[in-house]
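Labels run A, B, C, D, E, F, G and H following the written order; every chain starts at residue 1.
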């Protein structure tokens, strides 16, 4: 049984069995692709048998091109994601916590990716450590979730505080919002890596997609 | 019911309810502490009711001091860890993969911490991407584990390859071994953060302890 | 009236009127000086009329040399500070908060410098954000202090949390303790500079002396 | 009595009691927000009882939207700040010193923020260390102020010279103006952190707002 | 016999004997030059006797200007290269492997430069290590090539895997595609420099031209 | 036919078919290994059929242990290399050029590795660009070699000058000698990567071994 | 006699006696200033008695505004400089050497500034180390000049080669042209600072103005 | 007439005509050389006809070896320099200004090198900008010198202030003394490169030798 079928469409070779092999399907990263290229990649995935194909980091032109090609396609503008096909019925719940309003697009990408992977999520926004009682107010939700994703820019201090309040895995996503010594996300990245609360794990700056895949692996284990 | 009991021993204030709250107990980080300080911290944890107290990054003098104080203490020299009390019966299995022989001490810290947390582990060493067939040989073990920890220095390329072969969470630990452009672990850290296989999460350089705590959270969820 | 008297002792030229001009006296930074040089500098300050002369970053040999020269000299070993002369009667109170036990020497330097400047202080140690209730427990003390100094290494997240709980100036001191992505204090430095709670100000890595001088300026204003 | 009232407006949760708790009110950071979002945040603060609401880093479109919503709103274009409500009667005086003409917008943000916080200020511009007599000319003003804020880009050398001439707290703000080895503000940031005159404290690059809040805390202590 | 003839055209001095001396002709790097300047440089090289002149990093305006001047000029849009004159008959074969679709333009520059230097090439695209079987599928081609060029952004892990599968020289080209901790190509650059498989050599970020020249030197040796 | 035989000796798994597969045999990197571990690795390679086993980065204790185990072992102290077995008859010639006397150990590692790989070499030392005539004097040798390796620290300018004088591949090795802005080899690394003479390829800082393997691949192609 | 007259024009305070004091007049750095502000600064300098006022880093709009205000103003477009008043009769000669055509604007700024300071200059362009004979060809000119300024981007290797060929002071100017590992001028900056030929001194990236002032100081000493 | 005589002593090739060609003789950089190697280099220079040979960065063992070989050799311990032969009669005067006592060894290297080059010097130590009047006190000496060298660590602000007070060339030497955000000399290096007073030129961190050679070139021009 082959688990390495490839769809070769010239400028790209799509990994049709990635979901079977790794638990997460091949997804189209639209940044740096033309609308036509993104459409072609989505079509190849659907042709390869995927019940749902989706792309991240889509701009308006790409979203329009996708909806023109597939009438039923849905775009999540806040998350810059577009879906073709039916979203699976969600299982479990990941709590997605964002430190500031500017971290919203990345948090939206986390939630949109989880939806595509068939995992439920719940968002809590604007929970900065400068008002630490806002964090404490969600302690109950932190304990009840299957996993936690924390999105934060600037000082990136939130995941370390959150991880001290829950026994769930905390996936931390640094964001590139901010200015000056935030250095395009370097500051929150280093903060999260050195967080004193053990059990914090980190993904790339602005990588809401990757955080969602990691959280989904945990939740799926729990609910199988 | 208080979940925030503190043992105040002057130079340190130990968080006795951390295990109840976060799933991982307060652990003594011995680097930068005198042998006497480490002993005092361990004693306070045991006095606070912990069935097992342990310290990481212990040198020979500290290990000796601990064993002098508690005859039954056991040291894991490769991991630079010392335990006082009985290790819990392990559940589950984490696969701990190390890229090179120099990554051994960090991989040992992962395994020793898992043991203290009551999680089983299995180690596979010296699996570099320069001989990619060595990675493929362990694909079965990767699929069978509850979670995977990958320890690698220099180019840090192994976690990205591993994550393409398993649907389990891959916790990546960059190490500071190596020279030149490895820049004390910066190179593998950046490699792991930008790994193209989604689902890789990263902890601090040389932080075997933190990787173990993260993996343990996943396994415990699975086996509860 | 001259406020710029200089004591020229060959290898150093000491600013005898610095206290009159800037509110903080010339102090001997002993790192990189021989014991004899530190003794000579202290002697020149005393000869210039200072009621108290003191040195920071002294090692054991220097402390011994100072005590041999002046029988009444006192050394604060934890702070690596030595005093010759009488400490002034303290006014006011600065709360000195340290995140971890490894931050102790820098916190001690803050307190010892405040004592030399005639300012009272009170220390609270081992208050990490991973156990955020430990921070909340000292909220009353934070509100009652004249100023707050927060010393933290690794993620350096504590000052941002503290600043959300008090209306006093928060002087943040990053420390070089830690490992890996802490990068010798760079991580907590960036975290503190980008802290979302406004009103946090930052000094150089490990610069407990500078934090004390800044806090002292605030307290002295209040009590004049 | 609650000091943690939150105004939840969907995309943001505003901290209505921040002024009571920390001495500085919640302020709207408009960068990265749409004009409508900034208007909504300001409205929520006013609805929550704030006598004055203001936003920083506003562009022309946002300033226009605010003035359209509230006829009496005032914009300070140089400072990129907009106010709704009455400015409090100022107490005290902070001296705001700028090294070069390019540092003007940040210095203006300092002064505008101080005005909103009810603190008086006085600006001295274009005082570079290359003409050190320009610094000496303002020595009298430096001694008379309640606190000093120094704004400087490129080499960032001015705060260290100023701190040698006054016994007031010197809050240093590095700016991102300049080119080449200024590296977007990194050079003046490092210079200020390592300034040899003790008592210099530093805030984030371009963070005029934060410097004003810190200076205001000092002045308010003095005048209460 | 002179091997250092220079064509001085005012704003540039072209090295007419570079091919004789170093094996690679002077080539026009069009970035930062006006279309007219690029045309003038190409003309000078042709006037100096070159059978083929070409420019890299050409934008649309420059390509148009070149084709207007020489009707027979050919542009390779994907590679951003333009040729005037006849391409030499190719000898040998370099395998050009690209990790992702975004690395395409750099891989195209490699192939276009090789064509201009008279070396054959064959491209294999979208061969990421996250699907390591895609790499293994080309093992035969890797062994058959005269030299291998590997182009990769983000984690840059591909060259190290490839070098474990072939005894040919592997020239690695990091690219600036990607985001976050890729830091404009720094991450793949460090990965490639520290690759554990010996025999990997590295050129500048995005420098497809330089990689082609290096590979061509090897192939020409083989086929002379 | 398997080309992936592994010798598993517990702490290490040696790749016995690496030479057959990649053209360069598995070599023991002795840094970070005990003398006994290095001896065990060498023994495993010899047991696996290698006619020659060698280790790099050996200290005196390791060299002594190897010679005690195998009477005929030879150490090259300057290169910090030790051989067990007979060196092959050399073919071809690589010119190894060192910029300064401090670059000697790395240049020696290049030559010693080439000898173990069966490739001839010739060294030219102390050829700095500050006396550019010294470079020109070796132009004939540069043209006659099969490949060139250039080793340089500090400014690392030599490879770019050399590459303008030869049509052979130039493998550049930055070294960590030097001080200040050389930043442990970062300065020459960046210089070599941005060298204006195309055809320069770069390996890791101090990686004489890797440069030799790359050069050997070229020479072997030529002489097969 | 005062040598510290200031022209205070509100947004700027111009140092009218800088030429008398430091040998170089106050010059208007137009980047970041509006055309009107640059005009006002130039007017203030002329009103203050300067025989010639000039501005650097002027864009087209500013150049137009200056020429509209003073009919006799002259703009040097390549150098982005504009002059009002008569250029002094030049003395001496500085040789201005540029490594590549992209370094032209900075070299032009050097020459234009020298002209304004009354110093003669002579330019030699496109003298890269990849064709080292081009450098040797100008050895005579290097020896005959009063001082040498070398402008180079990318690897920045030229000043070190030049300094080995002349006994004159070599002022090196790194430029921000280039890509990849040139890191906006960081690579040539480090190269120049670590150049092995002693007697190379360095100014900020792209700072042609500063290099000219330094060279002018040397030449004026020679010709007084 | 050859000006490129080389003394080849095996491990080093000494440039005997460097003084004739560049105005500064070949000097032995003893760091990283054995005492015997330094002695051999000095002997070769003397054999080549140099009236004076000297070495920098000598440790005690090397100084002893040199004095054993040549009874008349003189060591300057503070400067870590040793001379063999007679110092030339000095001409001119360079003012060597050091910011702090820790900068003494580098300032001593400047003076010792100037002495070997036949240039007079005068030192002024411990002139920090925190007491800016100490700088103003030496304004007369700054104006009277032929050139100025300023040595400073930590914030490196002194050269910019000095350059505003003199029309002489100011050669700035950053030092690696200091801690924290001084980052081994990076902070003063960036400060000096971005100094607002034009006419400051910079050499490598701790490179007192290079600063002396640059200053000597200026003085020799003046006095020929």
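Points worth noting:
As a working rule, contacts are C-beta pairs under 8 Å (C-beta built on N, C-alpha and C of every residue); 3 or more make two chains touch, one makes a residue touch a chain.
All of these numbers come straight from a predicted model, not from anything done at the bench.
Graph distance from chain A to chain H, where chains that touch are one step apart, equals 2.
Any chain touching chain A that also touches chain F appears here: B, E. Using CA-based centroids throughout, the chain positioned farthest away from chain H is A. Repeated interface: F-G and one of A-E, B-F or A-C share more than half of their contact pairs by residue number, and that pair is A-C. A centroid comparison over C-alpha atoms places G as the chain most distant from chain B. Once the centre of each chain is set as its mean CA position, chain C and chain D turn out to be 26 Å apart. Put simply, the C-alpha centre of chain B and that of chain D have 44 angstrom between them. With centres set at the average Cα position, the gap from chain D to chain F is 57 Å.
Touching two or more other chains at once are residues 18, 130-131, 163-165, 180-182, 189, 193-194, 197-198, 204-205 of chain F. Interfaces, counted as pairs of touching chains, are A-B, A-C, A-D, A-E, B-C, B-E, B-F, C-D, C-H, D-G, D-H, E-F, E-G, F-G, F-H, G-H. Across the interface of their complex, chain H is touched by residues 101-102, 104, 125-127, 130-131, 133-134, 177, 179-182 of chain F. Within the complex formed with chain C, the residues of chain D that make contact are 18, 21-24, 27, 146, 163-169, 171, 189, 193-194, 197-205, 209-210, 213-214, 217-218, 220-222. For chain A in complex with chain C, the residues that touch the partner chain are 99-100, 128-132, 135-136, 154-157, 160-161, 163-165, 178, 180-183, 186-197.
Looking at the complex, you find that chain E touches chain G at residues 4, 6, 11-13, 15, 18, 22, 31-33, 37, 174, 176, 185, 189, 204-207.
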